[in-house]
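Structures follow.
Both complexes below contain subunit A, partnered by subunit B and then by subunit C.
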Partner chain A sequence: MTLPELRERVSSAPTGGYITSDSRMDAGYIDNLIHSARAFIACERWKQYGQVPPAYYQKFEPDFSKLAQEAGSCFTVFYDIPQIIALDGRASGIGFIGNLNGIACQIREVSSLGEFASFQTDRIMKSGRKAYLINGQGEFTVWFKDKIKSFQMEIIAADPTLLPLYNVDYDDYPMDISDIPKMETYMLQGSFGLIYKTPIDRINDSRDVTVPPQVNP
Partner chain B sequence: MKVAIDQILNRTKMRLLLTQTTHADAYLEKLINEAATHHIGGLDNFVVSCETLDIDCLKARLPINAVDLICYSFPDATGCSGCCIDCMNPHNPNATCSCPNWFVADRNILTEFCGSGVSAGLSSNFFDVQNGYIVFPSSVTQPTVKVWYRGLNIDEDGIAILDESWERGLSAYAAWQYAIAHFKSYASEQRKLWQMEWTAQRERIRGLALQRDAILHKPEVSAIARAILMNPMVMTNRNG
Partner chain C sequence: MPLTGQDFDRIIDLKSDNAYSGYFDNAKKNRIIAEATNKAIDLKIATNDRIQTESDLFGIYKSNIIYTPITNTISLILGGAGIADYFRMMNLKAQFIVPLTGNYISEALNSTPIRITLNKKSNLRSKENVIVSGVTVNTNANGTRYVKMVNPSKYSLYSDVNLLNPIASNGLYTGTVGTISRVVYNSAKDMHSNRKFSKLNEPTVHNPKFEIANGLVKVYPLTWVCSEVTVDYISTPTYVDVDEGTIDLLQTYSSRFIYFLADEVVKLFGEQSRDDGEIINANMEISQP
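Showing the complex of A and B:
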């Protein structure tokens, strides 16, 4: 099911009632709710079963920019990284990092420069040449003996449409099909919960515009 | 058969239900390496190596895997290594150098050296080892020193060379330690089981190492036995 199909399905669900002309049914707003509900369901599945279905993960290869690198540094920085969800305090939404410059290997993920520094205090391992990736806000820093020009990842992005390989109109939305009814339920209970509003009558005349239109039987 | 640490790391992640995230990889790798290098203590954990080290500012940095030093010597020393008072005294060119050719860290090995007629001295009388460096006295002018040492069997990344048969034990250790750190996520019974599994596996690994060592030295033992059978008088009566 693609994102437009999902959007159509979700926005058709809250029927009935009297809804004023607000912006809650805009495509951007609905997409945002779908992404949030997806992240919430992924976290819930992780907490409950310790696993997230593979459909949630997307392949991603950060772009290397030579001009953005510091000369003579021991690390490579990659920018424009989409936000990745955190499943809980002990698990990030990164499923795999590896294949450095096309060579099959795994990279170790650390969450901050401080954590990286603490690993480097090990007397024996500090002189090693394993690659470490620091997961920063919107950027990755990879420490390795050489400059890294490419590596591959599998991630659960907060907004899956931001990934370059994802085609909104043709690709299936990265979510398990069995979780879609659950997502509808969350959205109807929460953000789509129907709010009955009374329009304000600002004109001082005899006509009452706040009365809902009567439907003839 | 030796295996990469990634294999044991993946096994640990399976135990901990962390296969779908890379968040704990660095910590788990550290735990596995810690168990392999420091806790197993099998005979095949260690290797005897020698390396020529550069002396810079009267300090030589020891190899990272060095555990026990065996002996040193200056590769280009011709009887004098500049380590004693006699060597550094410019006013007494006729002084007889008293430097040994070998500096031995272990007294038992020193006895062997001296018994073989080699000029050797106890290294602690001449040099100190501090914070991973050999510190030389200011009289030393040699650019390099050759060091024999007993070291951990590790690769260039500082990761222990891991045997396939260690996989279960090392993954149990890493899982146990991780579960202790995240005790809310794992039941106490589970933590206890991993601890018991690690303890049992550690003993098994040590036993296997002994067994392997005995097999490796079997020809030597049989050669001695054969020698005793062939000439019992010579072997049993050393004065004869």
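Showing the complex of A and C:
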């Protein structure tokens, strides 16, 4: 299901039709809610099962710019990195990082310069790993004995549409289809502030059958 | 059987019970009919979720009409250079040509279909509409094409969206001057002044918007050139002339709409002559499904 299809589905649910003048149903606002709900569901998945389904990950290759590098530095900086979600206090939404300059190799993600420095002083960690990546503020800093010009990674981006190889109109939205009903529930109740439509009680039997369905969030 | 303005006059005379109601001469009748026509059309548009609306207004309902905007605008002036017979906007699709920035065609093979190679990966997908230009030697590659993805940097070129008609080559091209642009063509939503501050709902080429102002329809985002629009609209209505006896109104409106219009006219007659009974009767007729 593509993002425009998903947008139409979730906004049709409360309105009964997509065409509406309500600004809450505009594409930009709905897309923002969809991205947030997706990130929230991915975090829930992580906390519950210790993993996130592959459908959430997207391939990403940061662009290397020679001009952007500091002269004489022992690290490489990549700019314009889309925001990546945090799955919990420790884990980020980065899956695989590797393939250095065409050679199969895995890069280890570290959360800060402090953590990286402690690895450098640790006898085992220092010898066991070769490349480290620090992610933050829209930048990747890659520490390696040689300059790194390209690498591949799989990430859960906060806004999947910002990745250069993602096609909004043609690619499936990167989330598991089984999580879409959950997304609708979050959006309807949490953001649109709309409850489920109740059926009309047409039976004159003094019994109320218009109770909204019970939803387990 | 045709239904002319004179026939319509007889219908409203009958409905308004002419012998007992206030008298209107034909000129005044025509003025009231014009007002009632506008009101009746607007009432129909308000319930546009049914095909009945298009069916009632089949002669003035225009769909999929293509216009070329000038600086993202189209004139709505009656008889002007844009939509010359504009009355009400129904839907608008906007086309934008978006170049694949930082990418170029490095090779176009001498094969059928022509297979192009880009200098880096792109997010083009099979069946996407593109404009290829600047390819030398293998010049058949240039033009409006549909792509079939081989991999994210190699694509085959076709002339139709169903990818049935491959483009035959006329040489081998290698170089850096061939460019490729994506054709983005999406429906636009209406834009209002009180929403222009919204950051989340800013118009984009994928979610364009349109505004009606200054006798123009403006297509947003203004930062991209809109190269074409496809418009559904209601054209200027045919106003009934009660003196006219040759033009068949059923060529423009359904008989259902003509009787609906007659009820609207009678209602306005009642309002003009302060005939409450006539207004009540007309309202009852109008509210019939």
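One rule holds in what follows: the second predicted complex is superposed on the first by the 179 of 217 C-alpha atoms of A that agree within 3 Å, B and C clash if a C-alpha of one lies under 4 Å from a C-alpha of the other, contacts with A are read in each partner's own complex, and residues count from 1 in each chain.
Just so it is clear, contacts are C-beta pairs under 8 Å (C-beta built on N, C-alpha and C of every residue); 3 or more make two chains touch, one makes a residue touch a chain.
None of these values were measured; they are calculated from a predicted model.
Asker: Identify the partner contact of A:L165: answer first if only subunit B is touched, second if only subunit C is, both if each is, neither if none is.
Answerer: In the superposed model, A:L165 contacts subunit C only, not subunit B.
Asker: Could you tell me if A:Y132 is touching subunit B, subunit C, both of them or neither one (first, second, both, neither)?
Answerer: A:Y132: touches subunit B, not subunit C.
Asker: Tell me the contact category for A:G95 with respect to subunit B and subunit C: first, second, both or neither.
Answerer: After superposing on A, A:G95 lies in contact with subunit B but is clear of subunit C.
Asker: Tell me which partner touches more residues of subunit A in the superposed arrangement, subunit B or subunit C.
Answerer: B
Asker: Please give the residue numbers of subunit C that touch subunit A in the complex, ascending.
Answerer: Interface residues on subunit C, with respect to subunit A: 49, 121-128, 152, 189-190, 195, 198-202, 204, 206-207.
Asker: Quick one: in the complex, what on subunit A touches subunit B?
Answerer: 46, 50-52, 57, 87, 90-97, 105-111, 115, 119, 122-130, 132
Asker: Can you list the residues on subunit A that touch subunit C in the complex?
Answerer: 17, 21, 23, 26-29, 32, 61, 164-171
Asker: If we count contacts the way the header does, which residues on subunit B are in touch with subunit A in the complex?
Answerer: 6, 9, 17-26, 29-30, 33, 37, 64-65, 132, 152, 154, 156-159, 182, 185
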